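A, B, C and D label the chains in the order they appear, each numbered from 1.
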Amino acid sequence: MKKLINDPRAVVDESVEGFGLAHADLVTVSADPKYVTRKDAPVAGKVGLVSGGGSGHEPLHAGFVGRGMLDAAVPGAVFTSPTPDQIIPATLAVNSGAGVVHIVKNYTGDVLNFETAAEMAQAEGVEVRTVLVNDDVAVEDSLYTAGRRGVGGTVLVEKIAGAAAERGDDLDAVAAIGDRVNQNVRTMGVALSACTVPHAGSPSFDLEDNEIEIGIGIHGEPGRHKIAMENADGITNRLLEPILSDLGTASGEKVLLFVNGMGGTPLSELYIVYRRAAQILAERGIAVERSLVGNYITSLEMQGCSVSVLRLDDEMTALWDAPVHTPALRWGV
Amino acid sequence: MKKLINDPRAVVDESVEGFGLAHADLVTVSADPKYVTRKDAPVAGKVGLVSGGGSGHEPLHAGFVGRGMLDAAVPGAVFTSPTPDQIIPATLAVNSGAGVVHIVKNYTGDVLNFETAAEMAQAEGVEVRTVLVNDDVAVEDSLYTAGRRGVGGTVLVEKIAGAAAERGDDLDAVAAIGDRVNQNVRTMGVALSACTVPHAGSPSFDLEDNEIEIGIGIHGEPGRHKIAMENADGITNRLLEPILSDLGTASGEKVLLFVNGMGGTPLSELYIVYRRAAQILAERGIAVERSLVGNYITSLEMQGCSVSVLRLDDEMTALWDAPVHTPALRWGV
Amino acid sequence: MGLDVTWAVKWLTLSAQAMAEHRVELIELDRAIGDSDHGENMDRGFQAVLDKLAESPPETPGAALKLTAMALMSKVGGAAGPLYGTAFLRAATTLGDAAYVDAPALAAALAAARDGIVARGKAESGDKTMVDAWTPAADAAAAAAADGDTLAVLIAAAEAAEAGAVATDPLVARKGRASYLGERSAGHRDPGAASSALILRAAAGAAA
Amino acid sequence: MGLDVTWAVKWLTLSAQAMAEHRVELIELDRAIGDSDHGENMDRGFQAVLDKLAESPPETPGAALKLTAMALMSKVGGAAGPLYGTAFLRAATTLGDAAYVDAPALAAALAAARDGIVARGKAESGDKTMVDAWTPAADAAAAAAADGDTLAVLIAAAEAAEAGAVATDPLVARKGRASYLGERSAGHRDPGAASSALILRAAAGAAA
C-alpha cells in the first residue's frame, strides 16, 4: 500500500484539516466532533442542508459545502458512517430556525446514525426531514437486502435540493425536491481495480488481471458480478441498460448525464464512457440537457466509474443551473 | 492493463469527441486536424491564447478552453506533442487580428513543433509570441539538459495570461504576464506508481513496492531519483525544499499554493499534502493568498502529486481572481 | 449477590483486548463481504470505552454498560455503532442501578440487548447479522439462568454466540452491506456475529 | 545514372516495414529513458508516408523525400517528428528534381539531413541522440562516395549508423527527454539513434 498519508488512523483528521486550510474562505472546520460548515452558517431564514457519510468519497460531501449546496458535511472514518455526536452539533450549527434536511445515503450505518441524530436534534427543538438516496440499480432484489444503495445520485440531490434551500423553499419543499431528484435518478458503477482502505492495508476485494466488477458500490463492497474485461463501449452498454430500463425513460425526455470517476481513472477515459453513453441516449431519442463529468463521488483510488441518468423537469434544470459556490462545484458566482 | 478505452489508438479521438459532446456549450472540436476552440472564437479584438501538448494530462489543455483562459488547445497523441498541421489551423482560428500567444511546455518535441507552427502562422500574417513554461525544479543541471520541463505552473500561466487577454491586454503584454508567471513559479512532483500509455501497454517505468520516484515528470519519464517510501509529511518536505530555495521566497511574501494530483491519487491525500505544505510556508512567514487543490495536470492514472508555489503580486492575484469559464476551471461566471 | 461492577469493568477491558487482538481478523471478514472496516471500528470504539472507564469509573454494572453504550454510539460509526450502542443501552436499562447482577438479571439483560439490536436493525434470525449470535446467546442464557449460576449463564451465552457466528458461514445475507452480494455472501462468516461472540466470551472470561 | 524514384519508394516502404516490425522494441527503448512513445510515433508517421506515396506517387527521389518530410512532420509529433521532418526536407532540397541520385549526391543528401537535425535540435555528437547515428553515417557516406558506388555508400552509412546507435548505450544524455535522467540514462540505447539506424539500413536494402 503506497499512499500520501502519515498515520493511517489520522487520514481523515489531517485531510479535513488540509481541506479547511485550502478553503478557509468557504468553510469552517470543527475538528472534534468533526464536521464542516459553510462559513456563513446558519444562514438566516434558510433551511439547513446536512449530509455526511464515511470518508473516502472526496470531494463528497465536504467539497459540496457552500452557497447553493450543503450547509454542513459530516465525515466519518474511511467508509464508516459518522456518529450522532458529530451529526447532532452539525445539525444544530446550521439551523437558523427554518429546520434542517438530512441527506442520507441508504446504507444501514448511515441510516441508523442519522436516524438517532435526527431524533436527538428534534428533541433539542430542530425540525429535521430526511431525504434517503437510493439510486443504485446494481442492487436488484431490494426485498431481501438493505435496499438500494445511495451512490452518484447523491451529488445531484445535494445540488438541486441545495439550490431549492438557497432560493428560500421551506423545509418540506426542500425535502420534497430532494426526494423528487432521488426518484428520477438511477446509477450503475463498475470497478476495474479495488481500492485499499488505509487502516486495512490491503485491497478491498480481489480482481484478476482480466476481470472487472460490474455494479460496484462506493465502499469497495463487491457488486453484481465479475465479468471478463471488456472495452469501454461494451462496459458503458452494460451500465446504461439497467439504468434506462429501471428509470423507464421514453423518447423525447430530457436528462442530465453524469459520468463519475471512482478516483483512479483518468478524466480522458471518463469522456470515452461519456461519448458512448451520449450515443446510447441519442439513439433512444433522449435529450441530454445537462452533463457532469469528473471525480465527484469516489472510492479512494479505485479505478472505474459510475454513470447516472437524471430525468429532468424544468424546475430541476433551473435549480441545477442556479449558482453554486463550493470547493468542488462552482458556477454562476 | 485495464482501461476504460476501446482501441488504444483511438483513445485521443474518442476522448476528445466525448469532451466535445459534454461541453458543447463551451467549445468546438475540430476532429481532423484535431484541436479544440472556444465556442465564440475568434473573439474580436482579443489576443488569442493557444496551448497544447501530448494528451494524457487531462483536463490540461482542452479543459481550460473558454472565457478567461485558452482560446484553443491542441492535443497530440498520448504523451506526444501535437504537430504543426494541428497547431497552425488552431492558431489561425483564434486570431482576431490581435495576434496569438503560444503557451508551450519546455519539451524538445513541443518546442520544435510549436516553433515550426509559429513560423508558418507568421508567414500567413498572424503575429505570434511564445511563452515557454519551465517550472520544474526537479531538473537540476540545465546546462547539460534540454532545460527545465514545463509542469504544474502551466495551469497558472494559462489562467493568468488568459485573464490578461480577456481584459484586453495587447500581444506583448499578454506574453509578458505569461513570462512573469513562469518566472515566479516552481514545481516539483513525486510518483508513487507509474502510468501505462495505452499503446505501450506496460507501465512507463518500474517502481518497487516500497519505492517512490522524486522529481517525476508528467510523461511518466523518470525523475531525480528513487527513494524508499516515506510518509506524506516527509515527501512534502522533499518537494517544498527545492521549490522554495530555487524561488528564493522571503518571509512576508504572498504566494499561491497549488497541489496537483497526477490522476490516480485520491483528493483526500492531496489535502494531506496541502496541509503540510501550508505548515511549511507558515513556518517561513510566507502567506498563502490563493490555493488550488485537485487533478489539473495529470499523467494518466499515475499515483502521486506535484506541488507548485507561485509568488504573487497584486496584478497576478487580480488576474487569478478574474472570471473564468472553462470545463475544468470556473468561477465568477 | 452476583456479579458486580468489577466484573463489568473487567468484561469491557477484556472486550477491548479482544477487539485489538482480532482487529485484523474482523477487518478480513468484513473485507470479504463488506467494506473492510468492522475490526477498525470496534477497536476504535472499545479503546474509547477504556478511556471513558478511566476518566469516570462507574459505580454499578448498569452504569458501566451505559457508559459503554455512549462510547460505542459516538465512536464506532457504521452499522455496528448504533446496533451495539442500543444493545448496551438496553442492557444497562434492564440492570438499573443495582450493585449486583444475578443470573436471571443477566439473562434479562442479554435478552434486552438482543431485542435492542432487532428493534434498530430489523434483522431476523438467519439474515446473517449479529442477531445470529445474540439470539442463540440470549436463549441459552435464559435456559441456564434457572440454575442461578452467573458464570454458567455467561458460558452458555458465549458458547451459543460462537456457534451462532460459525453458523452464519453458509447463510446468504439479507441485511447490512453483505446483502448487496446476494448469493456471493455465502461461505463467509458475518463480521458482526464474530465480534459479538468475542464480546460475549469476554463476559464469561471476566466472571471466571 | 544512379538510384531512381523506385529506389526511393522502396526505401520508404522498407522503412515503414521496419518501424512496424520494431515498434515495440523502440517503445521499450523509449520506456527506459523517455516516455514510451517513439515506436508508436514512428510507426504512425511511416504509415502516413505509405498512404501519401499511394495517394500521389512521386516522380523523383527528391519528391519522394519531400513528401516523406511533410508526412512525418504532420504525423509523428514529439521531438522526432520535426527532426526527421527537417532531415528529409533538407535531403530532398539537396536532391532537387534530379531523376537519378549518384554516390556524391547521396552523400551530400545524408550530410544535409544530419545538418538539418543538428540545426533544429542543437545536439552535439555524444549527446545521446539520433545525431550519434546520423553523424557517423554521413561521414562514412562521404568517405565511401569517392568510389562512386551508391550501394557502397548506403551500406557504409547503415553500418556506421548501427555502430553509432550501439555506441549511445554508455552515454549520458544531454538533450531530449532522456537528459532529465542524468547519469541514470547511461546503459540504455537512444531510441532515435536506433530508429535512424533502421531507416538507413532500409535505404541500403532498397538499393541491394
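The rule we apply is simple: a contact is a pair of C-beta atoms (placed from the backbone, for glycine too) under 8 Å apart; a residue touches a chain by one contact, two chains touch by 3 or more.
What you see is a predicted model, and the numbers here were worked out from it, not measured in a lab.
Novice: By label order, what chains touch subunit A and subunit D together?
Specialist: Correct list: B.
Novice: Measuring between Cα centroids, which chain is at the maximum distance from subunit D?
Specialist: C
Novice: Using the average of all C-alpha atoms in each chain as its centre, how far is it in Å between subunit B and subunit C?
Specialist: About 54 Å, centre to centre.
Novice: Roughly how far is subunit A from subunit B, going centre to centre by Cα mean, in whole Å?
Specialist: Computed from C-alpha means, the inter-chain centre distance equals 29 Å.
Novice: Per the centroid of Cα atoms for each chain, what is the distance between subunit A and subunit C, given in Å?
Specialist: Centre separation, subunit A to subunit C: 32 Å.
Novice: With chains as vertices and touches as edges, which is it: line, ring, star, complete or other?
Specialist: line
Novice: Every touching chain pair, please?
Specialist: A-B, A-C, B-D
Novice: Would you pull the subunit A residues touching subunit C in the complex into a rising list?
Specialist: 54, 76-85, 107-109, 112-113, 115-116, 138-141, 144-146, 149, 197, 199-200, 202, 204-205, 217, 219-223
Novice: Which of the residues in subunit D come into contact with subunit B in the complex?
Specialist: 27, 31, 33-37, 40-41, 44, 73-83, 85, 120-121, 174-177, 179-182, 184
Novice: In the complex of these two chains, what residues of subunit A are touching subunit B?
Specialist: Going by the criterion above, the answer is residues 2-7, 11-12, 14-19, 21-23, 55-56, 58-59, 63, 192-193, 209-210, 212, 229, 231-233, 235, 257, 259, 263-276, 278, 288, 291, 293, 295, 298, 300-301, 303-305, 330-333.
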